[in-house]
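Two complexes are shown next, each including subunit A; its partner changes from subunit B in the first to subunit C in the second.
This part shows the complex of A and B:
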């Protein structure tokens, strides 16, 4: 690990200034991913700006949304009474991720900004466009069992990237149409989840639409009707402490066995949480039934394409969608 | 969390781990934790290519970095005295040459140490390591087992040794297979798997003088490490001291002395300070061996009634380009079942990878996955219960050596296992059992492991205060060696375990084998037994010689000793204390050292441990996820010395077997000849949530032919067969036969 300077500013404004004015400075919160990246020599900040003590640790009920401060720990969100009552999908997604120890360190903001776990990204002996733009994508012709099936062009650009985003929380936030609050030295802005992450295209090194020095201060989740009929399904290689092969966040508003609104998002399948808009549309207004769920899953899979080792995702993903919908709807 | 039940009742309460408190309070000192004021830190730089040569090393930027004491490579190494002079130009080492660290510019595998930075602090060494610039000249490498399989051959080692067990083996009638009533042929693959103990390998090397070396090194055999280092550095054995008192797991990764250990010794020599070197998790994948990628073809013939008439078993394992690693892959098949006609073939495939090594149940865990899967396939083909098929082919004597077993209670293991598991509730048809929308499968497999006993010494000392010290250069990589040995000593001497101290893990102690091959209890346990018996006899003779001693007229076999108090017989109320005897004779201590080893019984009996595993899995028909719900395991390993530690040993073996069956796989990108699974995020081992209730049973009958304590080894047999039992259960649940481990979602959906 490279030697670095460590600073602990006392205000949000000061923290943002420190990073915005120095391209080699980085925020650090829980550090559960950044420290790994530094150990591997992938991140080599000259200055670490510790934001852990900044006043971004509240979970607050606002008019028609819940605001969760960026520094609230994953474990705090997952066990928070109000979250459990109004947004149980969030708790389910968080508890499906990492381990108890990590959830006790990791923050909400940090969770959203964690980097992919693609092995080609972490080992500097391999090429990786996300690590060194233009060096090539190791996974494209390599071992791609964990990689994307959505958001990948028919002929993937060798300068692009087929990695997936590893966060479970962001999949749930995407289904719940949360907004990310960020603050930069030019002021505040609100980024809808749908616009927060990017597809790799020709700039795979850029995971999000954040600008340098912008700090996530909170996420806001609209009060919704998704208390009763939600499910986060995570398919993985072991029972706990594994990244998703495929995950599905399903949220339904059901009235008298009829679906008023449906929200679906998937993890482990794309460079960002993958909203299933077509499937959602298809489900709206339908009576709850496995047949309908199956049709929605088929619609959701349009445009998916596999590489050498991840064709199984094309089979698992629709099953997972149906299963998540069934569990959300209470169909057994 | 595993929860082992104990039935039948424990014959006597198990001694708790003698070092348990030290371990859970952090008071136990592991190799990397020995404090030295002037400790320097070494960091290895490893090759990023799989084959070729180092064209250039630019160490200047690293040498100029803060805190750096040395940058060592083949260009400036102080040299290992036992290495032959380097040839110019460098030539590739012939097969059979152990890897030589910093020897010449040749690259044999990705992850090979090519340079090392030594600095004042670890962080300085790590940073400087990133500044060393290395240019390679690459050559075409071959790391892909499947693509190169046709080049596999009989090992050179085997070609030279006509009595090698890995010679082609044929018994009986070669036409038995083609003419069998029922035939089956299948190919089974196990991927490369890594030991990955939680404690990484680590060493602190200290040159006490120019000709005197001490190492605190994580390994499984202080005596073999001592011999190896003495030879490498051309020192008399007694000038090398190896200490490895506490080991945080090893599973075979610490049997050899690996290049990083030699590297640290070189570093300490170069900088003239104690040097610590700890392998990072990613280096643990290329530095300390692994279970080799192995492909096995099994063909079986049987009668319609399920009597095996022929088995052929061909195994091909991966090894490096410079060494041959042979393991027992095909050997179990010769001894396991009563089959007249058996052929085995064993081949090796040299690839541009580092050398594999023994990993828990080496060869047997691999071979029995294939054999016991094939048995299950045969049972299905015959419409016969898998357990019944095994019973019908039970070997009442060793069919390979034509010798009686020293002891064998496998049928009793089957009975206990089947009953405790509820095997009778298994519906024969695959996919016929369900629970909560999940497919339920029951599977079973047999296990066996050869008996190993090596010459071992132990010293037993009775001190004037009545406390006892037992010493042997044996090891504890986790099973609880000190606890079991203390229990053996306490039983013989009639002394409370609290008064006994057992010393191990130090090369200056009496000679003992390393901890491998499930040989510790059988070998060292026997030596401790013999030493304690000799000590007791000596003390009794001394006691009887005291004037008016109540022991002078006692019959030796009637003497009863409790808490250090010697009674001439069970009825007697008067007694003599051990301490009285030493006091009378004015002795500060009385000691005896004994060596214990096998005798002619090795040629009269065939010696194995036996056992079986019963597994229930639940498989999601939707996602293909497999979870093990229940395991019942039963072993016949002779006398159980300590039920509690034995049970833990069995649980650990089953956990390892579940990992082997369902998740462990080191995946290589063959374009680079480099692993893409070099961390715990991608190399999966089971977590608590993967481990269900595991019930452990033992037959617990002493094997009177093997050694004075009647105990056989347990460490390896605990894992042998588990992967097959899981795979068989998955077949029963799903109707899908997975012959390539691990059994992951992608293979089931």
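This part shows the complex of A and C:
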């Protein structure tokens, strides 16, 4: 591991300045992704700015939303009474991710900023455009069982990336239309979840739309009617402590057996959480039934594309959507 | 050493695993064994720490305070030192095990301010001012912790390498209120791997402590 300077600023402003003025500086919070990457020699910051002492650890009820500070731990969110009452989908997604130990370390901000990645990103014996832009993609002609089926052009760009984002939390936040609060040295801004992550295109090294030195300070989740009819379904290679092959966050507002609003987002299928707008539209106003769910799932799969080893996702994904909707609606 | 390294991991969510890197390690270890039969010198060479993983460059030491098993320490380390390496290499607390060193196996589980965490994925300096409890601090003198008693009673281990991490995690699992059923325990203990496959007995031990109403 390369040597780095360790600093522990006491104010948010100071922390931001330290990173904004030095492209080789990085924030560190829980460290569960960054330290791993540093051990592998993939991340090599010259300066680590420890933000763990900054006052970003509150869960607060505001006017019509819940604000969760960036440094609140994943385990704290998952067991928080207000979260469980108003946004149970978040707790479900968080508890489906990582392990008890990691949830006690990883923060909300850090969870969102974990790298979109695949085995080739970690293995320095292979090329990877995300690790070394322009070096090529090991996954395109390699083992691509875990990789994306959405957001991939018809002719995959050998200079791009087909890895998927592994966060479960971000899939739930995407379905709940959360907003990410960000502070930089030019001020604050709010980024809707839909605009927070990017597709790799010609800059696969860039996972999010954040600029250097911008710090996530909180996420805000609108008060919603999604308490009763929600489900986070995660399909994986083993029962627990594994990345999603496919995951589905489903949230429904049902009134007298009719769907007033539907929200659906998928994980494990794209470079970013994949919101299923077409399926949501299709479900709106419909009576609850498996047939309708199946139609929505089919609509959701438009544009999906498989590589050599991940064609199974084309079947698993629609089934997972139907199952998540059934569980959310109480049909199964 | 190979026996201690879990090789059947799929991908933990924090994203620390990769089949290829494990395979690479396995290859290295196999090469090391092959080298032994051919030439002792080449064995010594391959047995050296991987250049990729060894620290290099000059880092200024950073001073900080920790309480470990009730004892206060004033420490000074290279900031690259993980909490795990600090405990094992600098303080001689070798009860906390190094399994994968990448957050995949749970062998290095310790408590920080009463919460279970992975000592391998945290730099020691980041724990300034915190209270660390390791497996050495779990028993009260000669009196074993109820979880330790239960692991013995239910034969919750075979080789014992993962056991310190299992115990630390198990105590937390009960404290967190996540040990209410076998299924619950299986889910909330999933960050601790056991290559010997002592899982059924580990689950029984935890359930016994939970239902026995003993204080974890």
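Note that the second predicted complex is superposed on the first by the 331 of 332 C-alpha atoms of A that agree within 3 Å, B and C clash if a C-alpha of one lies under 4 Å from a C-alpha of the other, contacts with A are read in each partner's own complex, and residues count from 1 in each chain.
Keep in mind that, in the parts below, a residue touches a chain if its C-beta (ideal position, glycine included) is under 8 Å from a C-beta of that chain, and two chains touch if they have at least 3 such contacts.
The shown structure was predicted, so the numbers you read here are calculated from the model rather than taken from an experiment.
Undergrad: By the touch definition at the top of the document, which applies to A:106: first (subunit B), second (subunit C), both, or neither?
TA: Only subunit C is touched by A:106; subunit B is not.
Undergrad: Which partner chains sit in contact with A:235 here, subunit B, subunit C, both or neither? Use first/second/both/neither.
TA: After superposing on A, A:235 lies in contact with subunit B but is clear of subunit C.
Undergrad: Quick check for you: in the superposed arrangement, does A:33 touch first (subunit B), second (subunit C), both or neither?
TA: second
Undergrad: Return first, second, both or neither, reflecting whether A:5 touches subunit B, subunit C, both chains, or no partner chain.
TA: After superposing on A, A:5 lies in contact with subunit C but is clear of subunit B.
Undergrad: So, does A:65 touch the first partner subunit B, the second partner subunit C, both, or neither?
TA: It touches nothing on subunit B or subunit C.
Undergrad: Quick one: name whichever of subunit B and subunit C touches more residues of subunit A.
TA: When the residues of subunit A touched by each partner are counted, C comes out ahead.
Undergrad: With the two complexes superposed on chain A, say which partner A:277 touches: subunit B (first), subunit C (second), both, or neither.
TA: Neither partner.
Undergrad: Which subunit A residues contact subunit B in one complex and subunit C in the other?
TA: Shared contact residues on subunit A (touching subunit B in one complex, subunit C in the other): 1-3, 41, 99, 117, 119-120, 122-123, 125-126, 236-243.
Undergrad: Across the complex, what residues on subunit B touch subunit A?
TA: The contact residues of subunit B facing subunit A are 48, 110, 123, 126-127, 130, 282, 437, 622-625, 627, 662-663, 667, 669, 671-672, 674, 676-679, 681-682, 684, 686-690, 744-746, 749.
Undergrad: Under the definition above, what is the set of subunit A residues touching subunit B in their complex?
TA: Its residues touching subunit B are 1-3, 41, 99, 117, 119-120, 122-123, 125-126, 138, 141-143, 145, 233, 235-243, 245, 309, 312, 315-316, 319-320, 322-323, 332.
Undergrad: Which residues of subunit C touch subunit A in their complex?
TA: My answer: residues 10-16, 18-21, 24, 52-60, 62, 78-80, 82, 101-103, 106, 109, 115-118, 121-123, 125-126, 128, 169, 172-173, 176, 178, 186-192.
Undergrad: Sort out for me which residues of subunit A touch subunit C in the complex.
TA: 1-6, 8, 28, 31-33, 35-36, 39-41, 48, 50, 52, 75, 79, 95, 97-102, 104-106, 114-115, 117, 119-120, 122-126, 146, 166-168, 236-243
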